[in-house]
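Once you scroll down, you'll see the structures, which are given as structure tokens.
There are two complexes below, and they share chain A, which is joined by chain B in the first and by chain C in the second.
So, the complex of A and B:
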């Protein structure tokens, strides 16, 4: 094990390399640029390729190409680049091409504030492309160390589920300096819970079987298996077809290979002070959860029955974590409230769901403490006005 | 030697997809046959080639026809997929892309330019049906000036990418392409010879090949779906370079042949990677 004082970008790079990633293609964008830079330095040292594309749309398409040729590949961007992934993301979902996509969230809409953290892509990562008829898997770490593990997990899931996996981080995670341990041996990787799945390829002829089964090798070009992949609805052999029945089979696969295999990632969340059925559950993901955890510890020390639930697996949304009727407070880095909508939908009947949004900055502990106290006393959240009233 | 179509089909194509679902009288099959003929004359086998396609008439009608491996990109993106795939393939494997004019010279031009810039080994055959025909017949960027289409009812009055001094082949040449040619579908064996050079180039090749679309382009512009009319119209407006007439639209022949003049993209990349890995520097 080697220890470093380094950024999340460093941790993500090392995690990707440990997972077997040997192809990275990106396009400079704050705050994902440093990840591309780290990849450009490290990948050639381990025999991998770093390429810079003409835009983000091309970057993810190059990753598709590399993955079709058998290389584990990755791209990274921020919100304005993530929307340009819409086209290749759909292709990769449809053709079931494994790869990892990292989105380091900043403040939007559009270019917004480039150098501050935001969480405006909670829903966009669920629906990164048009057309529907698919599930997506999205994972959100909250520290540099965890981002390494999450990236390794993302590669693992992308191979087993045969699909792109999104890691949703934010500027503080990717750029922040933290204490990072990098495993050096396979034993150390196992000790740290790192799961690695090797790349294999499909020998045909049923490249797109209508099943929810795991571990169907991905379609690859170059082995003369007669493999076909395209943007059209495929038959099981990969021919393009305009038939509802074939489409139904394909959609079944894209949806249920994820829904029926959630056990692969459904434990990816963190519960804090949740053992005694707290009166208030604070829900968050990513960087704000770091502040939430501290605030909840402090609230407990003051005798308030508050717990924290941090989601790492954001999509498919873990409804089962919200089965208990209680009061929920959702803390997010946006003013419009995104995660809170899902919590409202999933929360047991009779629950109360509240929202605390900030953007470009983190919530403060005094703000959180004050909000906890008010909610536990059933007082209205009037302090900040509009950003709290909506929910 | 010229091969009978049936021999080519048996050896290289999938009977499930050939004949294709193109309109009867469509000229795309001529282009397709020229490519497969060139492949046969070069002695290449199915495992030597991975075939990529775009969408639209040219892409969809050729997708899945190749007996070996094949892929189709979303509109305009197949070049970027091919460039990523190129990195993973051994140099002896060929990439052939059959695409349309809208795909290559409209939505995909940026990606195409970067394939040329990096001299990524692939042969892009732009099957030009003179516009967007699978959507019913709108003008594209190589639609002849003055042509009447569904979206240019008064005649196409914008500058196209074949105008003097702004030919798309000049753009690609300046971007670094190492083999560029233009032929119309009816030029027969001359096109096969060009295609063989294009495919054997260890770098980026593009062959621009206008072909007759009787169903949409001809119906609107010539007022006739009779195949022979559009076949003759294209033929009459094409001439080998140096033999142009005043009404020549397509100057045909090899525009640029710099095969082997620049390092190929993936070989260049791997050379750099291996050197850095060994010595820590370039």
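So, the complex of A and C:
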């Protein structure tokens, strides 16, 4: 095991390489530029290929090409680049092409603020492309060290589910530095819970089974499959067809291979002080969860019955974690409230759901403590002059 | 000693604020401590706003935010104004009077001027070395938590150029603080 003081960008690069990634194509953008830089240094050292594309749309299409050629591939960006993945993301979902996409959230909309964290793409990562008829899998780490493991998990899931997987980080994770342990042997990887799945060949002649089956290897060009990378609805054999029955089969596959295999990632969350049915459950993901954890520890020390629920698996949304009727406070790095809408939908009937938003910086512990206290006393919340009672 | 140490450095881009935080973090890793370092900045490479927040602890670190810094290094008037009130009474503000002309005398914490830019120009002919002087002073203030030798060793690794001048500037900064 080696220890470094390094950025999340470095940790993600090492994680990807440990997972078998050998092709990276991207277009540099803060706060993921150092990831491209690290990949350009590290991939040639392990026999891989680094390519800088003319833009993000081309970058992800090139990753699809590399994956069809048999390489585990990855691209990385921030919000303004992620939106340009809309076209290739659809291709990768429809053609069931495994790859990993990293989005490091900064402050939006559009270019916003580069060097500050935001969480404005909670829903965008669920619906990264048009057309519907698909599920997506999104994972959100909250530290540089965890981002390494989550990227390994993302590659694992992308192979087994045969689809692109999004890792949603934020500027503090990718640009921030932490002491990071990098495993050097397979034993150490196992100890750290790293799951690796090898790329295998799909020898055809069919393109896909119209079932929710796991572990169907991806098609690989030049390997006797006759299939296919196309934006049209495919037949099971891999031919283009514009026909409703074929489309239904394809949609079933894209939706239910994820929904029916959630056991692969449904344990990806963290609970703190949740064992005694707390009166207030604070829900968050990514870096804000670290401040929430500190605040919840402090609240407990002061005798407040508060617990913290931190989501790593964001999509498909883990409804089952919200079955208890209680008061929920959702903390996010945006002012509009995104995760809170999903918690509102999933929370048991009779629950109260509140929202605390901040953007460009993390929430502070005094702000959180004050909010906990007010909610536990049933007092109204306000923040920076905005009434938050609507939530 | 309390387990968690928070250090904030803030100023303009180009002053070495990020390198400084990184150096302290590297030294802490060498000593087996857990470390987080956040950097926030504008788009500009030079001249924009920059802040490093370093947390050191023996235990895993939850919040990486420095809400009550033990030491705050202010290298611009804007940074001083923005973060001075976060320093608790037992904390310390180290500021460079070349950039921070107006000091808030109502604060409860200790405040110490460190004329790093002027010393750098006087002794080394270049303001560039103000960063090393500031780091030397920080290293003195953090003694007991970080070893001076480890900080200097890390600094020379992080900035592999001008080693002699950087070493001398570091020592000069170290002597500026009791």
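The definition used in the following text is that the second predicted complex is superposed on the first by the 384 of 391 C-alpha atoms of A that agree within 3 Å, B and C clash if a C-alpha of one lies under 4 Å from a C-alpha of the other, contacts with A are read in each partner's own complex, and residues count from 1 in each chain.
Following the convention adopted for this analysis, a residue touches a chain if its C-beta (ideal position, glycine included) is under 8 Å from a C-beta of that chain, and two chains touch if they have at least 3 such contacts.
Just so you know, these numbers come straight off a predicted model, no measurement behind them.
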item	value
Touching partner for A:5 - first (chain B), second (chain C), both, neither	second
Contacts of A:124 with chain B and chain C, given as first, second, both or neither	neither
First, second, both or neither for A:169, with chain B first and chain C second	neither
Contacts of A:45 with chain B and chain C, given as first, second, both or neither	first
Partner chain(s) touched by A:92 [first = chain B, second = chain C, both, neither]	neither
Partner chain in contact with A:150 - chain B first, chain C second, else both or neither	neither
Contacts of A:116 with chain B and chain C, given as first, second, both or neither	second
Residue contacts with chain A in the superposition, chain B compared against chain C	B
Touching partner for A:69 - first (chain B), second (chain C), both, neither	first
Where chain A meets both chain C and chain B, residue numbers	none
Complex contact set, residues of chain A against chain C	3-5, 30, 113-116, 172, 175-179, 287, 290-291, 293-295, 297, 361-362, 364-366
List of chain B residues in touch with chain A within their complex	16-17, 46-47, 50, 53, 55, 60, 63-64, 67-74, 77, 80-89, 93, 110-111, 113-114, 269-270, 272-274, 276-277, 280
Chain A-touching residues of chain C, taken from the complex the two chains share	21-22, 25-26, 28-29, 33-43, 61-65, 67
Complex contacts: residues of chain A adjacent to chain B	23, 25, 43-49, 51, 53-55, 57-58, 61-71, 73, 87-88, 90-91, 95, 221-232, 238-240
